[in-house]
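Please find the structures below.
Two complexes, one shared chain (chain A), two partners (chain B, chain C).
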Partner chain A sequence: MSQIFTASADTRLRTVLLAIFFALIAGGLFAGGYMDSSYATLVGWVQNQPVPFSHEHHVGGLGIDCRYCHTTVETSKHAGLPATHICMTCHSQLWTGAPMLAPVRESLASGKPIAWQRVARLPDYVYFDHAIHIARGVPCVSCHGRVDKMPLMARAVALQMQFCLGCHRNPAAALHPPDQVTRMDWSDWNKHPETHKLYGQLMVKTYGIEPAKLDDCNICHR
Partner chain B sequence: MKDAASTTVVRSETVSEEITRIPLGFPNPRAWWLLFAFALLLLATFIISVAVLFFYGVGVWGNNIPVNWGLAIANYIWFLGIGHAGTLISAMLLLVRAHWRSSLNRFAEAMTLFAVICAGLYPILHLGRPWYFYWMAPYPNTMDIWPQFKSPLAWDFVAVLTYLTVSALFWYIGIVPDLAAVRDRASKRWQQVFYGLFALGWRGSAHHWARWRQSYRLTAAIAVPLVVSVHSEVSLLFAAGPIPGWASTVFPPYFVLGAAFSGFAVVAMIAVVLRHALGLEDLVSERHLDLLGKFLLATGLMTAYGYFAEAFDVLYSGEKQEMDTLFDRFSGAYAWSYWGAIVGNFVPLQLLWWRRVRVQPILLFLIALAVAVGMWLERYMLLVTSLYRDWLVSSWGIYHASFWEWSLFAGMLGVFLVPFLLFVRFLPVISSFEVVETLFEEDRHA
Partner chain C sequence: MTRASALPLSLWLPLCLAGCTGEMSQQPRYDSYEPSALFADGKSLQAPPEGTIARDDPDQTRALATRPPMTLALLERGRERFGIYCTPCHDEAGYGRGTVPARGFPSPPSFHTKRLRQAPASHFVDVITKGHGVMYSYADRVDASDRWAIAAYIRALQLSQNAPLAAAPADERSKLAGRAP
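Now for the complex of A and B:
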């Protein structure tokens, strides 16, 4: 009977097996890299908006408070995207003819809201409540980044579970004075950690926060 | 003496011939195609049921609070239990050198492999978000958490995956020398290449055999304790729930033995069908049917002890809720499943006390079928009767499996049958070299 395989068949089989092995490892590494890539987390990716609203100009330049537009952030689960009327408090007087603002005027005339695209979006199985975070003094900037430096809005941090747990497992470090919650620049606070070290611990006690329970599943998955 | 040796050589040639001719030129293609078409139909049912399940979510099933473990978990346990018999026949009997196993082990192992695949699919399918099933694995993740090791779901994942890996390895190591035998007899090119590739260059040298024996016995030694640990795990996923009727200390051995019982039943059914369909009556002989019958009877009686011990536990504890659940099993809404299990498992079984019944293929098949059904009813009964009435009357509720649960069950039989039929068609269903070895040993002792 003649040989079924050539002399090199064994080597080729081994090479294929080795290649499969390395492909699996490479696949795992790729998946890991992908999960943290900005492509998957959308960090830094600008969303197309109907109107190219600049937070840099309105927050950084003009100093408008976050709550002026995101009206329900202190009282509700959702921070709220601004109604057209809020834009029009100024823009009925300013830049009334600007072509860039045409969709806003159109929206006011027709009564159809502007379809703002959400930038910071959590999965549907995550229960997140803005109000409690604001009330306890977790600054906007902690999750949304320096919006005062964003000409166009982009996601600032990867909204992965490990990001949430980072604070939930160590709440003291995340707490700041609630009356300054919309402050963007905390560099002076962070510059002297000794001065403010006790603040968080004191507040955890004052608010009755139980850090051991803060990473229970049902805190966020209800 | 010399004569005996030469007849053994002749005999071993014919045995190898008899087994290897099956994959090379299948003896009964028409019957196989008929069965395979039926199996494909079931597989299509599976695909449709899963598509519906994934599209609409687990709401298409009948399970809900309070019975949140329905057919999915009952079938999971049933399939996994069936799988254990293959390992027991193969690995345990290998280690205790019971040579008669060599006529049964190969297809019993294949049965294990495919039954474990069916079992493993169920916990994945019953998830709310099945596409995240890999969350049960401990891997570096962006959630910064481990899987919940207190959850039976995480246990299932580890148990099934370990068991699947070991049974696949054990089956494959065992089949390599036979693949080489088929390769050497193959005349068509594709057959030579197919069997040649999977025979991994087996030449049958003394080195090969020594290493083969080492790895085979080692894998067997890993597989046997796995049967006990995996099915004990399954029983403990009941014990993890504070539900009346799930806390008896007899559960782990009761489940392991019940698993072996149902598995031996299915092995007996497959043995009866295969020997008839493939004309292997001389290899899977009356003696094997006899031994399978004895195994079935023995494990059946041990399972019966489990029933007894479970009831005794309840009566001895005198705990009210436990007693209520026990009596409800006798006469409540699901009494049919309790008495169905008792009758299916233990009544026809008593016929196996007679050798004449044990060696009668049709009777053995029917008794084994009754056991397979009975053991299925047992799992259903254990799940549903405990869950539908727990501590609070306000949370009582009846469970009926929905159409899509039944169709998935039927489809899962297709998931089992399709690869099994392919195995029967294309691979050596009996370990020919081990049969030959057995014959040789017997001749030497004679």
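Now for the complex of A and C:
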């Protein structure tokens, strides 16, 4: 009877096993890299919108408060996309013939809402409530970035679990005075931590926040 | 690792990968603003039928009918709401020189005129509720009690620009007296 395996079979088997081993590592590295890449997190990617609305102009230029348009942010889970007539509060008089605003006028005339493309979106298995974050003084800019510098809206941070946990595990550092919650530029606050050394800790106590419970699964996954 | 335990392990991997289809991330339910194929207008958020009364409507009507007592809390709430909804046109002092009129929107009247100083607080509440001239109604953005708060704050603004010298505390008065023209 002849040999079943040739002399080189052992080497070939080892080569294949080694190749599989490296492929698994490469696959893992690729998957990890992909999940953190801006291609997957959409950070900095501008969506194609029906109207090229500029937060830079309206927030940075005109100084309109976020809540002028996002009216339910203090009272509801959702910040609220403005109804068309909120746009028309000013644009019934300003830029009335601008082709750029044609979809807004059409929407007002027909009653059909403007189909904005969502920029900041959380997966359906995450429960998030804007109202409580605003009431406790987590500024808009913490999650949405400097929208006053965004001519077109893009996601500012990767809305991954580790981002949420960053604050939920250290709530004191995330708290700011609620009466300035829509303020965009906090550079003086960040530059001078000695001026508000105890603010966060004090507010955690005042609000009855229990940091030990804040990273429980069911805080966000319910 | 024995061969017997390797088998279930190799079955686990495809099972875990099956979770990557995104069904959890986009669950079969309607979130606010999500489009829906069920309705002709494509919206999942349908407007309530004509004549529907919201549960808080009676509260809103009641709050609108009577002026709340003047308190510091009311003024502070008024200042905040005024800052959000009024300053783009009326500006922070109420002269009507906001950033939006600067871009060509018809300028609103200043609050510091005889007519508006004499107008009752309910006039401002009415204007916020129903709109006035080119100003849209803010009824959907500013709820009834906040309208009174804004009206109260407008009163404070008016006083701030038209207070008699006698109303200032003594030390402020002496400071001002030195600078009187």
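Just so it is clear, the second predicted complex is superposed on the first by the 209 of 222 C-alpha atoms of A that agree within 3 Å, B and C clash if a C-alpha of one lies under 4 Å from a C-alpha of the other, contacts with A are read in each partner's own complex, and residues count from 1 in each chain.
Please note the rule applied: a contact is a pair of C-beta atoms (placed from the backbone, for glycine too) under 8 Å apart; a residue touches a chain by one contact, two chains touch by 3 or more.
Just so it is clear, the model here is predicted, and its values are computed rather than measured.
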| item | value |
| --- | --- |
| Touched partner set for A:Leu81, first chain B, second chain C, both or neither | second |
| Partner chain in contact with A:Leu202 - chain B first, chain C second, else both or neither | neither |
| First, second, both or neither for A:Met100, with chain B first and chain C second | neither |
| Partner chain(s) touched by A:Ile132 [first = chain B, second = chain C, both, neither] | neither |
| Contacts of A:Ala19 with chain B and chain C, given as first, second, both or neither | neither |
| Which superposed partner A:Ile64 touches (first chain B, second chain C, both, neither) | second |
| Most chain A residues touched (candidates chain B, chain C) | C |
| Contacts of A:Gln162 with chain B and chain C, given as first, second, both or neither | first |
| Chain A residues contacted in one complex by chain B, in the other by chain C | none |
| Interface residues, chain C side, partner chain A - complex | 24-27, 29, 31-33, 35, 41-43, 80, 83-85, 87-88, 99-100, 103-106, 134, 136, 140-141 |
| Of all residues in chain B, those that touch chain A in their complex | 140-145, 183-184, 192-193, 196-197, 201 |
| Chain C-touching residues of chain A, taken from the complex the two chains share | 61-65, 67-68, 71, 78, 81, 83, 85-86, 88-90, 92-94, 111-113, 115, 118, 123-125, 179 |
| Chain A residues within the chain B interface of the complex | 1, 4-5, 10, 13, 32, 35-36, 158, 160-162, 165-166 |
